[in-house]
Every structure is written in C-alpha cells, then in structure tokens.
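Next, two complexes with subunit A in common: one pairs it with subunit B, the other with subunit C.
Showing the complex of A and B:
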C-alpha cells in the first residue's frame, strides 16, 4: 500500500508544479498592480484628513459657506490664520512647547545617563529590582499620579508653571531612558573601562570622556524621542498649564476646540498650525527616528 | 600592597556608583513613588480637594463596582483595544507584508518606504491635534464627511457622527484605527527584513501559495515584534485620554467615556478626589495585570518554540 501511494504520488506532481508556478508568476504580474492600487487607495484615505484641512485653512468664511468643505478655495485667504495666530498668541505657544520639550529632552537624557551609568556600568546592588521599578513606572497611567502631583505643585508654588511640567516629564521620560540605556550599557566592552581605570581616570572622567562619546548616537535618538513625545503630550500639560501664557500648542488647540468657539475655517487653520511643526520635526529627524523605532522594537 | 586590597577596592569602586543614582532617584521618588502611594491612600477617602479628608475604607470601591458609568467606561476600553490593538495589528500585518513582499520587491524599496511614510503620518501628529482634525471633518452641519456622502449620492447616511449615541463610539474607534495604523506597519516592515528570504524561496519551490507562506513563515517569524506591538498598544489603549477630551468629552451621555477621562472628571470637574483616585488605582491594576499576562504568554510561547 505504502509503496503504491509513494510511486503513484510523484507522477501527477512532477508536471503540474511547473505550470502552476508559471501561471502563478503570470498571475502575479497583474496582481501586483491590484495590490499597488489598493495600497495607494489606502494611502489616499489616510491622507484625506490632512488634504481637507489644508484645503480649508486658506478659505474665507464666505467662500466656505458658499462652496462647502470640499470645494477648492476661490482665492488664497490668509487673514483667518493670521487672526487666529494673533488672537491666541500662537508664537508664544510654539515657544512654550519648544522650551518644555527641549528642556525635557536634555534633562531626561542626562538623568537617564546618570542612572544607567550606575545600573549598567556600575552594576550597583539590587540593579535588577531598580530597573524593574523604572519599567513599571513606564506603564503607570498618568491619572494615578495626577492629583497628588497637582496637590504637591500647588503646595510648593509650582502650579501653572512650566518648571513643574519640565520636572514631571524629565522623570517620566527618563524612566524609559534608564531602562533602555541600562541594557545598552550592560553590553559595554569591559576592556575599555579597565583601561580607563588603569590610566587613573575617575568615575566622573570615565563617564564624560569614554561612555558619553561612545554612546552619543543612542543618546541623540533618545533625545529626539523625548522631545517629540513631550511636544505631543496633552494630559499633564492640560492639568498644569491653565494660564494662556504658559500653554503648549496641543493644550491651547485642545482647549479652544473644547470650547467650540471657533468657526469652521478658523478650526482648520488652527489644526494646520498644530500639524506643521510635527511634520517639520518628522522631516528633520526622519533618519534617526526610523532607526530608533526599529531599535526599540527588537529587544 | 595593591594586590592585598583588591577585594575591598572593588567593593568601594562599586559603592561609588550609588551617587549617580541620587538625582534620578530623588526625582523618581518625588514624582512617581510618593504621588502613587498618595493616590492609593486617597482612594480610601472622601475628599473634595480642600478641607477635611475623611477615611471611608473601601466605600469608593464598592460604589465603583455598582456604578454603571464605571462599567461603561471599561466597556469602552475594550472597544479602544479593538480599535487600537486588534484592528491595527491585523491591518498592519497585511499592509506591511503587501508593502514588503509586493511593492518593495516589484516596484522598488523607494515606493515601499514612501507609502510607509504616508501610513505613518498620523502617528507624528499630536493626538489632541488629530482629534481636532477629525472633530472638524465629522461636524454635523457642513462637515467634510457628510458633504462627501452627499456628493456621492449617499446623503441619507449623513449624520451627527460624534453627537449621536449610536455612532459616537464607532466614529471614535475608526479615528483611533487611523491614528494607530502606522505604528505596526513600521515595526512589521522592519521585522520582515529580518526574516530569511531562503525560507520563502524554499516554500515557494514546494508550491506554497502566498497566503500559506504568510501563515506558516511570516507570522511565526515576526512573533516577537507582534508581542511588542500588542503590549504597547494595549497599554496605550487603556490610557487613551486626549482624543476623548477633544472629540466627545466622554459623551453623549457616557457613550464614549473611558477610565482615564472618567477619573479626570471626578478629580477636576466633580471634586470627588477619592472616587477619582479609586478609578485611577483600578486602571493601574488592570494595566499591570494585562502586562504580566502578556509577558507570561510571550515567555511561554518562546519556550514552546525552543522545544
């Protein structure tokens, strides 16, 4: 029985595979265009919101009520956007966002570097428990910290100050940074550290003259991440920054939207002003970012 | 001299590193540990935010488990997991393999990476701003989506997308799929580059079609990345706040309320701090439990693979 099936099996399969594969290849020639068309259609759906925002950001209110949201503008109308910019003092919001995100990026990397130096290179006692603690802090929802932080900030006079937001995000971002850098530093070549110690370098000198220059690429990826993450944050800045002069870009736009105070064209102009910096950062940091995203995924 | 004192000196050298943990440790204590402990303590109290704090034991929790709004918010969390984890992971897997297998190989890497960037674009925009964009598109009067539906003759489907209890949650879910999709696409495309092309070639010679190769080779090979994506997106889905704040404020009714917004309401709008603290504590426990389940599951599946 087994021999029969074994001998009878190859007979039909010797010929069909080649024809099937040929048909398959032929078939794929058409199929790939279908796949391409489907993906382009998907990309158009993804881009539709951006397109519609750009289309309406430069429309006059009269133009909008006459032609609706999908018509092309009859003229380029910029005074809606300029009015909005001046009314909310958007330049100030950009500067606030930039100050907060920039300070957090630098301070967060610095704190991560110190922590990871002690944990990854110094291998202090109990380092595993400490790293797990930092990892857990990463998972905490901000809601479980917000009220006590709000209360403490009011008590010490830091409520509604950018400093409070900078301190909080420095800690939150460095919890991730510490976790990541500690594992990177754990694989740091020992010979280099030993050579440095033999040359009589102190720990402080070893950190700045050896560890820092060698790990600079990782630190810069981390810094970009911290900057963009902090820029995009909404919840904590919403709670802490209540006065107009302190608000960040997402908070200012989110609060205005919540009040339903803006007409259609002003809202699209405002949304465009929120999108443009994000796209600018993306284009500037693209290469480093792509590397960082994949580096973060593969442990 | 130097040789006799080595063990002590190694010990001293190790001890010297503690100082570097000091700034980070103090900050961590002040910003994470102490507020966390305070929040848990507050969840056993009744406190309007000023004046007397009264200890009420587990009363907030018993009230919470009998509160329809609380259960509604967690039902909506499940909806957020569907919209931010399940759908993006499945669609992302399909998109990434189409981009990698078809576009990358037949049309060149440049077209693949351009399309990838377009799918990733919503990820770089602040979620609050993305919420404004979509709130604007879904406006009931003169909104872009309703106008589009009318233009193609489907005007009868036009409606108040975010204001109607029946469509508000599906609309928010669709928006979150749009926000989230780029992340798995980017991760999975990087993962696919890791898969040995010889595996695919061998399977192709054996006559395996695209779908069988996808199921038997691609999915098992990129399992580690799938775990990372699923875990990080699940945590993000449990924490979602900005889009809800900007789009619906949890409404209409509690149709789109989520635990984080529900806690925010109790903290800052209803001045019921103890109750808000209890919601936040439960949310934290669920996130930690989910993470542990995920990590266990991943470890178990890795062990099985090695065997």
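Showing the complex of A and C:
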C-alpha cells in the first residue's frame, strides 16, 4: 500500500490514482481469494480420507452399519481401538516399525552418501550407467524381487528376521538416495573441493569435514523420507516377517481384513493408531523438510 | 530418540547412527535365535488361523485349544494371522523351517490344491480313516478336502479337513415384506412377482455389489437353477467341456440382464463392495440380499430395527456353497501326530455345537445340541441342502484368476455396457484357456 501511495504523489490530480489504486487492490484481492479458495478446496480433498478415518475410528460397528461411513457417530466408541491394541500387541508392533524404519533411514542415508560421494564427486568412470542401474533397481516392482529375495534370505538364515527387512530396504531406499545425491553432488562447487585438497585433506576428511556438513539439510530430508516410506511399506514386511512378534504396523493392520468380512470401524481405529506416529514424526521434522531437498549449496 | 539428535546436534550424528544400527543388528539377531528354537520342541503345536476372535470359528477353536492342552499336556503356540498374509505368503512360509505344525487354509484348486500339488501339504488320508473323518463329512464337503496330483479337487488323497460349511441364500427383511403386503416367495415365479411388486412401490428389491463376489454368485445360482449335478462336475472338475452358449449359462446371462433392466438390481451397484451391499441391508434400504452364510453372525449382531429371516433360492436344487476353509498339515510340520489330534478335537460334537451356537455352520454337529433359535434356522437350511448333495461350489473356483474375469464381465452387465452374449464370450475365453492349462 505504501508504494502505491508514493507513486500517486507526482500526479497532481487525485481522481485517476485513486481509481487505479482501488482497482489494483481489488484486482489483487480477487486473485488472492481465488488462490485461498483453491488451497482450501485442496486441503479439504487431502484431509477428507483422514477425516473419514477419524470419524469411523470412534464408531461402534452397529452404528457404522446403520448410518454408513459418512454419518456422525452417535456416541464416542473407543473399545474397538483398545481391543485392537491388546489383540495384536500393538506396542510391540510400533517398536518393530520404529526399529526397522529408523535403522533403514540412518543406514540408507549413510550408504547413499558413500555412493554419491564416489559417483557425484569422485567422478567414477561410467557413472551415468551406474546411476541408471541404481534407478532401475528402485523402479522394479517389489513383486518381481520378492521370490529371489525370499530364496536368498532363506538360504542365509535371515527369513523371518527384521535384519532381512532392514537390509532390503536399506538397499532399495539408498538406490533412490544415490540417484538424488549424485546429481546434487555433481553440481558441488569445485572451489571448495580444491581448497580442501590444498589444505591437505584426505578423501575421507573431505567427505566428513566438507561435504557432509554442507549437504546436511539434504541428508536430513532424505532421512525423513526414508523413515516415512519404510514405515508405510507393506508387501516386503508381509512376506518376510512371519512371526507375529516381528511384524510391523501395516502388517498388523492386515489381520483385520478377513476373507469376506471387513471390520471397517476397527480398521479405521487401527489405521489411525498406525499413522499417528508417522504424522508426529513428520510434524517434528517439518522445519527440516521445509528447507528443501536440494538445499545446501554455498551462498 | 536418537534420531532427534541426528538433526539438531550434528556432531553426534555418526555416534547416533552407529548406535541405532547396532541396536538393530542386536535385535535382529535375537529374532534369528527365536526362530531357530521355535521349530524343534516336541510338545508344542504351532497353530495359525485367520478367523476373527469373536467369529464362530474363533470361539470354537479357542475352546478346542483349551481342551487339547488339557488332554495332551502339550502347549499350543497360536498366532492369529490375516487372510491376506496367509494367501500371499503361504507357499514361501511352508517351504521354509518357519512353517507351522497346523494351519487354516483356503479351500479350492487355486489354494489348497496348488499347495498340495507342490508337495507342501501332508497327505492325511491315513489319519482321516483312522479318526473316521471320512464318515463325518458328506460327499460334497469331502470334495474340497481331496486333491489329485494336479491339485484338482474331488478325487485323490485327503489334504485337509473342513470344520464348517457355508452356502449362499436369500436374506429378507420381514418388516419390509409386511409393510408393502408382499408374500415371501416360495417359487421362482413368486420371487419375480415379489420383486416386481417392490419395484412398483419404488423400492429396489435386491441389494447387490458388482465390484466383488455377490454378482458372480447370483449369476452362478441362475445357471444352477437350470442345471444338474453333471453341469457342476463339468464346470468345476472338468469332466466334460462346458458350453457357454448352453441352456445353463446363457439363461443366467439373459436373466441377469432382464433383472437389471427390470430394476431388481440397481445399476449403480456395479461399483459397490460387498461391504456396502451388507450395510445396505442392515440399514433397511433393501428388502432382500442374496449372499452367503458368512453374513449370518453379523446380521444377528447388528440388525436390531427389524425382523429378518432366510430362504434358499427358490426352484433350484443346487446352491453356491462348499465346505469352509480347511485344516491343513504342512509337510514341514514337526508335530504331525499332535496336529491330527487337534483336528479330531475340532470335529467333536461339543466343539461343533459351539461353532453352531455362535452363528457358524458346523459340519458334524448333533442338531439337538444347537440351542440358539436363529442358528437352528440356518443350520437346518444348510443340512437340507447338504443332504440333497446341493452344494455346487463357487463360480470363480475352476480357473486361477477367474474371479477378476467374472467381476469385470458382470459389472458390464449391471451397468448395461455389454449384451448377455458379449458377457458370455468374455467369460468363455479365460475359462477355456485356464482349463486347458490344468488338464493339459
């Protein structure tokens, strides 16, 4: 507003500037309202499934059958949630998921960092081919991988262990991580690397003293993605974690899907329990996420 | 939370990461040890099933576990599984040393038959004779317990034992029939007349789900109403080639089409799930639903606003239905004798009665033991059909992956985007290809 009033000063007549100013503000206002409305509509669309889950999580089965999924619950019904927690020993599943997702996040980022250091900064021969290979590993559907992985795991005695799942996801996630970090490191300023070489830093020192601190925001974002992606994985944990004691949250939710029956209210309650940790994790680290996945270059 | 530190205090990152990785390794290796010790012990029975805790089977089997532990002194290590998990992973689990000693598994050629033909299930014919299970189960219930070397049901050794049966029938809302003064149908013509009367009142008579199994089962029942046992044997166990233009299937396609055109079935139901169909009936929107006995317990629990009852599809001797899922003993089971003993306990009259009194359909219960009135109604209807050898299995059984073919084809009939002849053609191709693959 201040800038607009200032521009109006040179003109002696009062009428034209006022109309222009009004029109401007009005114009900008309308656009703003449209953007706001679109954003609200988008948010509603995004939140709708979540809302339905919350709505049904607190409904009794009879209430659900009588009123359908969209009706408001007639009373707050929490025993479905409590029953489910006890029935599948949910605390244990949360811990399993946390261990697996946490380990994969840390190890995956570490492996990605090493790979990308070699490919993006080390300038290995044929690095494009290697990066494409990594990307292909990431793009293969898991159904294709599952039988060979099962066979290998069984042969080395890792079938039905969390370690098997951790290793598999570390490789799958770091394939994406390597691809991403390699291209980020490909644009890493040469001056910095030269400066560190002049100061006599070894390759190892360059990695940990120079590259790691500068790319830390990118690495953090990657770690959060790895955590959330691994947390939500269903198929590979379903196949590899046979014992109930080893299972993760999404696999535990599978218990509720019967052959012909689905228990919609308990499923909602359980889904709510299952996504709350991932949402909490996201909210805690959202500032890191906001810094952007390719941040970290010199200013 | 070590991860928090990773982000806020950079210098500890490496230490935090290393710590987490170590813990992961330690924990995982613990898991490995557990796995090794789980297999061996001679007095534990590792048992898996995927029936809900409060379902008829869940309740009856809990009691069976109690009796088993009391009588044999062995302990049962029970794990509740998800249907989807067992379905997706069974052939991998059974091929490893993590296989349970006894598990519930889905019956049919593509399920238990496939595992049997892969050598993953134990041939339990001797136990069946020794314990007398072959005398307790009727002919059509035994069909799904026996599989030949190609995994085709109906002949060959025993690979499983069913505890319960299931079949498909009409459920109807008595209050709605009374409200509009419509008679409960006894013959096929009554049924059509009743549906016409509902349509005239502006009520869609039949709840339907096109996106899942219900449409296929109604279609199959329409074919069965024109068929004899030979048609079932041809269709299900490939005795003779099936004529898709023959009187059974072409009648089914035409009649289904007429029912959609007459408004007996809502055109919107093409995309509905079975769950929507069931809740539609529970909510009192539809006077009738044609579906399986697996709904019985839920309808009993959740319908409180109106009176309801059941009748078999009028004018037909054959009905979709079969034994329930099977107890199977994996080849890798360490305790086969204990597994047989457990199966035998589940076949005892008191366990069977418990199953019947909780909304299940027992296969070997003494009718006098069934006290619950609603359950008695269900079980006598089942016994009637079973004694007449009227269980005709399900339409999607003959060929692997046929379920999706049927759903896809019938959805087009429901939303009227294909003619009955086109639908029959769509059903014929995959069926014939699949049968050729099995019979060679």
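In this section, the second predicted complex is superposed on the first by the 191 of 299 C-alpha atoms of A that agree within 3 Å, B and C clash if a C-alpha of one lies under 4 Å from a C-alpha of the other, contacts with A are read in each partner's own complex, and residues count from 1 in each chain.
Simple rule for what comes next: a contact is a pair of C-beta atoms (placed from the backbone, for glycine too) under 8 Å apart; a residue touches a chain by one contact, two chains touch by 3 or more.
All values reported here derive from a predicted model rather than from experimental measurement.
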item	value
Winner by number of subunit A residues touched, once subunit B and subunit C are compared	B
Partner chain in contact with A:251 - subunit B first, subunit C second, else both or neither	both
Which superposed partner A:264 touches (first subunit B, second subunit C, both, neither)	both
Partner chain(s) touched by A:70 [first = subunit B, second = subunit C, both, neither]	first
Which of subunit B and subunit C A:209 touches, first, second, both or neither	neither
Partner chain in contact with A:238 - subunit B first, subunit C second, else both or neither	both
Touched partner set for A:278, first subunit B, second subunit C, both or neither	first
Subunit A residues contacted in one complex by subunit B, in the other by subunit C	64-65, 68, 147, 150, 235, 238-239, 251, 254, 257-258, 264
Subunit C - residues contacting subunit A, complex	2-4, 6-7, 10, 16-17, 20-21, 23-25, 27-29, 31-32, 34-35, 38, 50-53, 79-85, 88-89, 92-93, 95-96, 98, 106, 213, 274-275, 278-279, 282-283, 292, 294, 298, 301-302, 304-305, 325
Complex interface listing, subunit B residues touching subunit A	13-21, 23-25, 27-28, 30-32, 34-36, 38-39, 42, 95, 98-99, 102-103, 106-107, 115, 118-119, 121-122, 124-129, 131-137, 139, 142-144, 147-148, 151, 178, 181, 186-187, 190-191, 194, 204, 207, 209, 224-225, 228-229, 235, 238-239, 241-242, 245-246, 249, 259-260, 263-264, 267-268, 273, 276-277, 279-281, 283-284, 287-288, 291
Interface residues, subunit A side, partner subunit C - complex	61-62, 64-68, 87-88, 99-100, 102-103, 105-107, 110, 147, 150, 154, 157-164, 166, 213, 216, 220, 223, 227, 235, 238-239, 242-246, 251, 254-264, 284-285, 288
Of subunit A, residues touching subunit B in the complex	17, 20-21, 24, 31-32, 35-36, 38-40, 42-43, 46-47, 49-50, 52-53, 56, 64-65, 68-70, 111-112, 114-115, 117-119, 121-125, 130, 133-134, 136-137, 139-152, 167-168, 170-172, 174-175, 178, 197, 203, 207, 228, 231-232, 234-235, 238-239, 249-251, 253-254, 257-258, 264, 267-268, 270-271, 274-275, 278-279, 281-282, 290, 293-294, 297-299
